[in-house]
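Below you'll find the structures, each written out as structure tokens.
Shared between the two complexes below is chain A, which has chain B as its partner in the first and chain C in the second.
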Partner chain A sequence: MLSSILAQVPWQSPTIDYHAIAPEIVLAGGICLIILVDLFVSESRKWITATLTGFVMLAALVPVLTLAVSDADVRTMFDGRYVVDEFALTLKALFLVAGYVVVLLSQNHVEEGDYYQGEYYTLLLTSVTGMVMMASSRDLVSIFVALEFLSIPAYMLAAWRKRDRKSNEAGVKYYLLGVFASAVMLYGMSLLYGVTGSTLLSEIGSKLTVEGQFGGVEALAITFVIIGFAFKVSAVPFHSWAPDTYEGAPTPVTAFLSVASKAAGFVALVTLIYVGFPQAKDVWQPFIWVMAAVTMTVGNLLALRQTNIVRMLAYSSISQGGFILMPLAVAGTGDAAGPALQAVIVYLLVYAAMNLGMFAVVIAASRTTRSGEISSFGGLFSYAPALGVLMTIFLASLAGIPPLGGWIAKFSAFRAVLEAGNGWAYAIAVIGAINSVVAFGYYGNIMREVWMKPAPNGETSAVRTPSSLVAALSITVAGTLLFGILPGTIMRFGDLVDLTGAFGG
Partner chain B sequence: MDVLRDQNWVLSVGTFLPLVGVLVMLFIPKAEEELSKLVALVTAVATLGVGVYTLTQFDFDQADKLQFFADAEWIKVISSNYTIGLDGMSLPLYFLSMVVTVLVMVYSWNHIPSPGNPKAFLILMLILQTGMAGTFIAQDLILFFVFFEVVLLPMYFMIGVWGGEQRQYASLKFFLYTMFGSALMLVAFIALFFKVRGALPEGVEASFSIPQLAEYGGLLGRSAQIWIFGGMFVGFAVKVPMFPFHTWLPDAHTQAPTQGSVILAAILLKLGTYGFVRIAIPILPEAAKEWAPWIGLLSVIGIIYGALGCLAQTDMKRLIAFSSVAHMGFVMLGISTLTPMGFNAAIFGMVAHGLITGMLFFVAGSVKERYHTLEIARLGGMLKQMPKLGWILGFCAMASLGLPGLAGFWGEFPAILSAYSPAVGLSEEVFRTFMVIAALGTVFAAAYLLWLFQRTAFGEPKPEFAGGDHGHDHGHGHGAHGDDGHDDDLHDVNIFEWIAWTPFLIAIVVFGVYPQLMFKVIDPAVQVALKAFGG
Partner chain C sequence: MLTAQFLLLGAVLFCIGVYGVLARKNAVMVLMSIELILNSVNLNLLAFSVRHGSVDGNTFALYIIAIAAAEVGVGLAMVLLIYRNRRTIALDDLSEMKG
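And now, the complex of A and B:
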């Protein structure tokens, strides 16, 4: 049957640049390997799967590096539907390193909780594969496939603590809203295809240019697609799943969702805006402007009221998402396109380092406090000074205080916005400035607990931090400090030319 | 740009040496308190050594130029460089920050405030030192901003952990005020960069370099200048602090540990005024002229308000804090005249206020340690009980009220005088009115300081402390010092205090008798800063 259909169409297999998709191949091989290993190792040696997963992530990083130093700047496959350029490589590296750190965070947590280790790491690896694919996708279909690839394992990971009702709630909420968002987005995509006759982003971009005028259908299509990803990056008002999911999911999974999954959403959003709809800025600019302003404000105000540290971090990550959206709100204005792209990428890199670090500290400290309440971290500095100082560093970085990574992220965002230089830009810059002060209210609150309050219950015996957590903390704190003191190391990523086909150029 | 690039490593070493000490201290176990103190003190002394070397190598005949100038690539994408340099305006403050840190370290040797943990306390102080010194040498706006912010967290923790009873409230207030100011300041810096970039002549590459911005900032349109100045104004005015942004100061000072108060008064407040003379006014001359009368107005309100606030205080430390508001009002008045004389007075005033008010906070800390209270009504007869401490307090009060012959005079008197003839383009009537009001302020200053001295030092010791000299007749039910014995507490100035204080006292006299020592360093640089005003 199939052969007869194929025989009717002259079909030739596309040429595949194996070097370019080597990271994906390594990951796919790794997934198979871990499933197999999981079958054959005894229950007491399941930790091997964790170690292997870590190695697979690092192994996939090798081709990313060789691609980065290779001569060919841009490798295009499948008629431009799958592109490996500097932009893609930077983000692939981000996803792989973030995935590696999450493995480090998970190791003790999953092992001590006696969860299903082999399955856990398989799903984690699958999700990372989806993200790595997302960075290269330049076509509605491949974007959608990558999105589902990364989301479906994540739904399961969120519900990983089977017997915990909160975890179940987390998984179900995440799943239902995620699927709903996918549906809305698919509807938008189908409209886009109907209007332009293509699923290739660069072609959509050029069609939208030729038409010049936008009818209601185009506007609706673009809005729906953006809404789909607004769910993914938990922008207000599409954020309602985030706090419950973050609180219920196992903490390492929460770290993964709030960093890697969110970054993947932003990657897709950036690709769509820059490659797909550069000419439709009248549609998405006001939309994203409002979303950015509301997201950072609402996220902040709700974060101020939280007493549970993970919930607070959930709202803080919503608010940080608003800051990442901020430069995109003016990305079509004047010369702001380049700086805005740069700001988003720099922000994602820095945010990954500091937020993963923050979760690592919370996981490490919770081993002593056995509670997620902010008040349970009281006196942390007095009995575990190293964790106290690290927590302070990450919190200060999240609050954007120099010379830590967070400030250069915020700085780039402000710079991009001010480059646009119109009234809208100044307005959102002021909103952002006020919000970055308000944010200190809750970050400072934790610092106050850690430094200035006595330990509750007189608990003063620090629990040893396992070596995998130490490694995760070292990686993230090194990143946070390095990005802040020598921002030049990351600021050269994310030049506009790195994103092939951006703004029709 | 005319700069001297000789020995351009000196400033970087002087600024970052404390961080080396911090690294070493991280490896010292918390229990080894003496070792921590020793390492911190050695680091601070070594840093001061670099400072002294800087002082000897500084070419005083060319104080108008940036010296030890270094310029290295830092964040290329945003055109920000690691540009540092030192001229006559920054030298006194840079050096003062080093001296104050050393002396505070000495004082800390046996005065670590509760809840102890000298390791963390001294590490924070060393980080503070890096931030302070860095702010005074930065010649790039972004670098300046980074250093300006570096001081925030250490001070937040110093107040919040080692402070008084309301410490958490005070530290948060301090932090939020300053952060709000600096957020607007950063937005202003970036806007300035873009505006200047648009106005640059062909072939000049835009950057955040302060000397370059000072050269081309005048090209901006008036309204753009006024808005950008507004952003900077909020950032710096909060730090100074100027009325009406001052309300964090009394709380922060009152709650901070003695060391924190001293550093806050001696150096941190100067970061704000320094920002005005180094950045806001030279870069945006048109806006400065527009803003000057308003700055002058807020300054004199600060002078009078601060003085009245002092008269109403019942707590000695809070009184000194309010006097800071008044004194910084004089500094800002000098700055607002936009004249060389005003600027000279302002910078002299910054240093003098740093020495005198820093010293007053030291004395307040020691009084608190001895009497366990700073309530003025409960103190008295200090001259009888501890004559040396009493006389030091008297000396500082005299210096603070601007007695000729002591350093305070040379900060206030020329500032008032400069308001008589402000820069061209400013209204003489307005500034002469300010002059009269400011002169009235000095009378108030004499009133509150002498009254403070009288109430605490004259007369007989209050009965509850009277037994302190010879007996074991404990006071009347005052619990805090019940058991640890008056003999230990009510003693006169001890050796660590002498070592920490003597340099301050000497400097107050020396600069008072021979102010030219500092004026001749400041003046050439001030002339450069005020180039745009025809000064």
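And now, the complex of A and C:
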């Protein structure tokens, strides 16, 4: 049976556009290089692996930039299964820069924590490679492979502190729920293949066109696939792993998971919705609507009662995820498709800058406070004014106060929702507005600790911030301020972004 | 055609797997249940592949088999890690963090 099918199609080796996959090639080469270097350098010089990893991330950015300025707008490979367009390039750049910042955050943390350095950076780089692949994937198989490529190293990173019971627990919870989610997602994908006869997203999109005529199988398939990625972006009710994993994992890994891994989940979700199921909006719109509303609300309410800052940031990132889902909930209505895509991209870019920055401040300040409790940050401004100001900037941005980046992100999300202009859209806009006020409650609480409270146990020696953390802080604060003060810079990214074949194609 | 029977078997396996993940407290049993789900996916893909007369499903199944092996490798390593630190692999005991 199989041989007769295979015999029908003569084998042709696919043409490969090496320029288009140059970022992936650089990263893959970098992974091999770091494994090799790690074998040959002595224990005291392991910091070389960190520096090299940073260089590899930046080196992979070079082909992304040359692709962005090259004449060919869209490069497709393997019959449209792997596409390099402006959407993919923007997100590849996001993943690489976020990865670079995480390397900067990790450097001192990993060195002082006596972790396995070479392996740590190898896994980090592998995960980033998976994300970069995810941005280009337009096929169920390549989406699945990219998802596992980015997840499996992340499971190991979460459990990195082998002897720490919390870190073990973080890893196992993340692993079990992540694998379960991807298994459910695969079942949905197998049904999708069954009803459409193809794994190519654009073909699935064209087969699922007859509006209002969905059988139960199609609806089930789409729901299962979306559930798979809802776990990845930790949308309520699939969020239960997030707080425990974030708290237990090493803090730089938490920063990585809450920014890069979450963004990768959104990228896959956006690709699926826009290319795969644009006509099936009756199935996914209500589902995402409910998820967005519940995610914002539950994330916020639980964040309000946290005393540990990392756990609070975990719930805050869940609720920010709800805001990113919000435009997607109306993406199929009227003219909202374009603005919704733009809003998601803009939000992801801004969110990456401000959340990584927030984690950088927490890591820098924890070097003195030695604690994750919010009360231990009391009086931070009095003995570390720079960190206090930076923390305020990031918190204000997360809360969405102008003129910072978070404001423009929230603005574009609300604008996209109002573009849809029906009752559902207004309802979710109201829920979003209430939630952004509630969110100020816990962000403001930390600000009050930092500015008004005295330092606990009188610890007022100046904080020495290592240069790698200073670099990470500068990159993220520059991003947060630039996107907020000059929103034109980032809205341009949003305008460029077009998913090939998504609109009217 | 036999496709329907294969799909039915796939659905049954999927349900057993989901039940196992939700109800079992032993980490290794949960891993095995996840494997059941993945195998139900493979069965589905192969059945659909025969039905559509294309090799896409077969290819997808091969990828799933390969990646599932890697996944279980990581999973078992983590279970071992937990066992070393706690002398138990009951998932209910994993409750260091709350809130």
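By definition in this document, the second predicted complex is superposed on the first by the 488 of 505 C-alpha atoms of A that agree within 3 Å, B and C clash if a C-alpha of one lies under 4 Å from a C-alpha of the other, contacts with A are read in each partner's own complex, and residues count from 1 in each chain.
Keep in mind that, in the parts below, a residue touches a chain if its C-beta (ideal position, glycine included) is under 8 Å from a C-beta of that chain, and two chains touch if they have at least 3 such contacts.
Every value quoted in this text rests on a predicted model; they were computed, and no experiment measured them.
Of the two partner chains placed by superposition, only chain B is touched by A:Ala429; chain C is not. In the superposition on chain A, A:Phe414 makes contact with chain B only, while chain C stays out of contact range.
In the overlay built on the shared chain, the residue A:Gly99 is in contact with neither chain B nor chain C. Contacts of A:Gly276 after superposition on the shared chain: neither chain B nor chain C is touched. When both complexes are overlaid on chain A, the residue A:Gly130 reaches neither chain B nor chain C. Annotation for chain A, partner touching more residues between chain B and chain C: C.
In the superposition on chain A, A:Phe440 contacts chain B only, with no contact to chain C.
In the superposition on chain A, A:Leu176 makes contact with chain C only, while chain B stays out of contact range. Shared interface residues of chain A, touching chain B in one complex and chain C in the other, do not exist. Note for the complex: chain B touches chain A at residues 30, 73-78, 117, 120, 142, 145-146, 149-150, 152-153, 156-157, 160-161, 167-168, 171-172, 175-176, 179-180, 183-184, 186-187, 190-191, 194. On chain A, the positions that touch chain C within their shared complex are 1-2, 5-6, 140-141, 144-145, 148, 152, 155-156, 159, 162-163, 165-166, 168-173, 175-176, 179-180, 183-184, 186-187, 189-191, 193-194, 197-199, 243-244, 247-248, 302, 305-306, 308, 311.
Contact residues of chain A toward chain B in the complex are 342, 381-382, 385, 392, 396, 401-403, 407-408, 411-412, 414-415, 418-419, 421, 429-430, 433-434, 436-437, 440-441, 444, 447-448, 451-452, 486-488, 491-492. By the touch criterion given at the top, residues 7, 10, 14, 17-18, 21, 27, 30, 34, 37-38, 40-41, 44-45, 47-48, 50-60, 63-64, 67, 70-71, 74-75, 78-79, 81-82, 85-86, 91, 94-97, 99 of chain C touch chain A in their complex.
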